[in-house]
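Structures given as structure tokens follow.
Presented sequentially are two complexes of subunit A, the first with subunit B as partner and the second with subunit C.
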Partner chain A sequence: MAVGERVFMARGIRKNTGARLFIQTVLARAYPRVIGQQREKSWVFFDIALPMIAVSSYVFVYRAIGAPDDYVGFVVMGGAMTAFWLNVLWSMSSQLYWEKETGNLGLYIMAPNSLMAILLGMALGGMLATTMRALVITVLGSWFFDVNFVVTSYFQLFAVFMLTMVALYGMGMMFASLFLLLSREAWHWSNLAQEPVYLASGFYFPIKSFNFWIAAGASIIPLTLGMDAMRQLVFETGPTLGFASVPLEIGVLTGLAVLFLVGARWLLRYMERLAIREGRITESRR
Partner chain B sequence: MAASETIANAGRPVARFWHSFRTAAWLGWQIESNWTDLLVFAIYSIIKPLASSAILVVMYAIITGGNFESPVFPYIYLGNAFYQYVGAIMAGISWAVIEDREHYRTLKYIYVAPLNIPSYLLGRGIARFLTGTISVAVVVLTGVLFLKVPVDPALVNWPLFLVSLLIGVIMLAMMGLILAGITLLIANHVWFLGEGVAGALYLFSGAIFPLEVLPAWLRPVGFAMPITYWLELIRRSLVGQVAEAFPTLAGFSSGELLAILAGMTVLFGTASIFIFRRCDHLARERGMIDMTTNY
Partner chain C sequence: MKQAIFTENLGRVYKLRGGKKEDPRELVALDGVNVEVAQGELFGLLGPNGAGKTTLIKILTTLLSPTTGRAEVAGFDVDRQPEQVRPRINMVSGGESSGYGLLTVRENLWMFAQFYGIPSKIANARIKEMLEIVGLGDRINTKSSDLSTGLRQKMNIVRGFLTDPDVLFLDEPTLGLDVGAARDVRKFIRAWMEESADRTLLLTTHYMVEADDLCDRVAIINGGKVLACDTPANLKHSLQRDALFRLEVSPLNGLSPEIFEAIPGVRKTVHRPRDGRSVLEFILEEENVLAAVMSSLTENDLTVMNLQKREPTLEDVFVELVGKSMSEVEHGGG
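Moving on, here comes the complex of A and B:
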């Protein structure tokens, strides 16, 4: 028995391994995401105020050109969902880059836990904290702009939302491993992935407006089909503007969720080895 | 441009201002562009503004069935295109404080160097002005070539355009300096400041919709913003007959609008000098010049 283990036993501390350690790591990494973000009140304000400003601008554009009322609802929903995309971009994908910059990444790799569990913790914590913000944006947006929701199936709505989140954060975990190799350019790539994704995924308009192949290509981003399905389920005119049927979109989202989670696990292992071999773990090129 | 030049400039404020500005502009350009090769940088600089404009184009096309000949379309399109200068210059100058203090951690060295700090920050905004100009040009050109935006070089009022653009850029730089001063006094999450102000101005300045669409109680906010008058002048100089179709500022002649814009620029310019000086003083007193938070 190693000295460290004897010390743990003497102090009555149980040393977790395997699945228990995995879960412990997930919870430990999720904790600061949920608690820490709520403690920083200014962050909460800006996370809600900035999307609300964008939502208001697009709502007034639709009003200026005489769009039907449901389009205002589309914008409010899109604005709420930007919170998730921004969270995935800046707090998932580029997180390992930030950790590298602040010197934590080496500690993560050295610690006897799974990097996958750390990413999963980040995803769960981020998802929970961001859901609260998205909810506030939806409530405020609906209140300010008098949006009417006509929910046709709560069960399908819940299924679509959960599948979208799993697939989206799975994608974020996959990107995180890719960002492990990046330095200064990480910030720029995250910055670049905002407006083009808002456009391609139809954050502010129905994705059906695009050519079939463009919409199909954009469906690789889980929010594209997720928002399309949710719009069909909560707005009166939604079904007429849907890109594909809701059951089909649920099926594709399930496939994407599995694909991204498996892909994240594989890529993370590969990239971690590559980053260690190339000496990128502790590299900091500002 | 070496130590000898810096020492020689020590007693000459104008030379020192210019020297700081020039050096900061060069540094800003390096920071903005040298993280990748020129081709990737060019693509990066163009994709984001084009995508941002395309969102509005698609929204407009869906609702109007692609009626790009309506005067509303050039109003929205050009307003959005030129609004990029606001984010680039105003937010860019305040961003220099965040980068130098939090990221590169060099702000304290810049303060002890023989530099004029406001001119240094204004110089850092130049790089963003240059990339912003490329973006604006590409977006406007795309609109003219593919979306029937009626900008005819032969009909453009070039003197009005150039004078408005120049005053507007100075006005945005002065507003950027105010934001930079406030940024010096805030430690956490300061990056939201530039974004927040740029976003709010986007909403209230009538950049992408006429001010009449706003609720009546919010319109005065738009009328108090110099950007509202600047964008109107830019539209009038590029597509006069289209811009005049909207009632918002129809009661003002272009000369009157130019006078309002110039007056507001002087006002903001004067305010920026005093506000930055005060913020700078407070930041030094509170020990915030080298404060880092790792956020």
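Moving on, here comes the complex of A and C:
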């Protein structure tokens, strides 16, 4: 150590505040998600190979029973969206719990940034990294199974996808505080939610197959209406198999996005207040 | 002189949950703590594990609300104005595993610098400079998961100093480090403090030598209370009137060291088994009490192998104040 020979930099370094600090924080917290994907390649197996196996199984079943060709496309899209659901469950909802365990949560609270910026950064990073995975599944699935896309409105498709992402990751942000508040064993909640949502949200079949009330109830998960709307917009038979009209689904998704983001902000503040008052939430059990 | 840290009757009670049918128990972690630290001071909190040091740091860093009393850091109330306190402080804990293992040392430090609003260009220049100072310059692009405990702690130290806080909190910064790495960290701390008169540092430690070596003033804390607060020299000077002896004797074999405290003139006795022998530390009111101690040792069939008169240390001050050594307090012995 060369202390004494070198000097520290002068005092009074410039530090941004307000909106600049918020944006810096979002980008900085998104960085590990994006860069992590390039350094840790296990996602290729878990987030692409495994969903592709599930997709193949459904495709072969649909082909065996002579289902319409568009059902294969439904399944490929469901397989692609699986990556987002897994990411929201394991890398968003459980994330504050892991941050607590590693000691990062206390540092996040103590820093002058907003915790909401930290969560948005996690969401943005997760979304960017997962979009790459979803694209790979879509391209591979479409190529293997010869899926035919007929896009009726690129604008609506983009709007639905973005709204679905905002609502879905907003839900993940809300769950992040909720999981931390409710449970020390966050992964059990993620395990519990993983498979039922594949069924309830219609990852591999049109949600219209359920009765109205089950489909309406499942619509609280943004992927349910998001996938239903996107299928209506990219497959020829999509509109006949849709649960509700695309404009209505866009409206509901907008409402869910606002609801989850506001809920995430409220729960985050509640969690921070509770953490500071009781002194137990930022503590690791180790 | 401007105050950097001020606490007034600060207290914290934790409610511990028992079983479903049990009522929650209360644990008093801090009890009426009054501390004043001047700007530019390197202040130490010395005490055993569970003394309340970390609780005090958590309150001062806005991570925990006090149950009673109030505290100010950099002139702002930590409970009511945390948003004013946070840009002015930082904290590093010993053995922390913050950051992300997949990121390199530079990337981890850059990320934390962003959370304090430091522009990337300035952050990167500072990171490079400070890593050179701590001897991590050649590891700047190493993934933090590949660092040893000592190197990782040096990275954590840089994280704390990187934002150039007005008040820095170091919670057991050399915990678990080998002798060389701990010495490097202490050297780094001292150099940082010497460079600017308006930097303030609060250090918690249970290493007596560290407190003695680094701190301008030390508060000895135990059971959530501050028992004494002064310069290390003054604290030790308070024991100058006593005579301190260390005796290595044959094993006590179940004999209680407390029997020696019954000898008139023996203020305190601390026993530490070592290498098949017993080390007895005596604080005597005056030197001639030693004769009575020696007689008592002989009466109890104990052979004296080594006898040493020594200068008081902060450990002796702790024993004098608490009645037990720090390790005895930590292990519930004594």
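Simple rule for what comes next: the second predicted complex is superposed on the first by the 257 of 286 C-alpha atoms of A that agree within 3 Å, B and C clash if a C-alpha of one lies under 4 Å from a C-alpha of the other, contacts with A are read in each partner's own complex, and residues count from 1 in each chain.
By definition in this document, contacts are C-beta pairs under 8 Å (C-beta built on N, C-alpha and C of every residue); 3 or more make two chains touch, one makes a residue touch a chain.
Note that the structure is predicted; figures quoted are calculated from it, not measured.
By the touch criterion defined above, A:143 lies against neither subunit B nor subunit C after alignment on the C-alpha atoms of chain A.
In the superposed model, A:154 makes contact with neither subunit B nor subunit C.
Applying the stated contact rule after C-alpha superposition, one finds that A:279 touches subunit C and leaves subunit B untouched. Judged by the touch definition given at the top, the superposed model places A:29 against subunit C, while subunit B stays out of reach.
By the touch criterion stated above, A:102 is placed in contact with subunit B and with subunit C alike. Contacts of A:206 after superposition on the shared chain: subunit B is touched, whereas subunit C is not.
Of the two partner chains, neither subunit B nor subunit C is touched by A:270. Residue contacts after overlaying the shared chain place A:110 against subunit C, while subunit B stays out of touching range. On subunit A, the patch touched by subunit B and the patch touched by subunit C overlap at residues 40, 102. The part of subunit C that touches subunit A in the complex is made up of residues 12, 14-15, 55, 58, 61-65, 83, 86-87, 89-91, 93, 96-100, 102-103, 107, 110-112, 114-119, 122, 125-126, 129-130, 132-135, 143, 161, 163-164, 184, 187-188, 190-192, 195-196, 198-199. Within the complex formed with subunit A, the residues of subunit B that make contact are 35-36, 44, 47-49, 51-52, 54-56, 58-64, 72, 76, 103-104, 188-189, 192, 195-196, 199-200, 202-203, 208-210, 213-214, 294. Of all the residues in subunit A, the ones that touch subunit B in their complex are 40, 42-43, 46, 49-50, 53-54, 56-58, 60-67, 71, 102, 184-185, 188, 191-192, 194-196, 198-199, 203-206, 209-210, 286. The part of subunit A that touches subunit C in the complex is made up of residues 1-4, 6-9, 11-17, 20-21, 24-25, 27-29, 31-32, 35-36, 39-40, 102-104, 106-113, 118, 275-279, 282.
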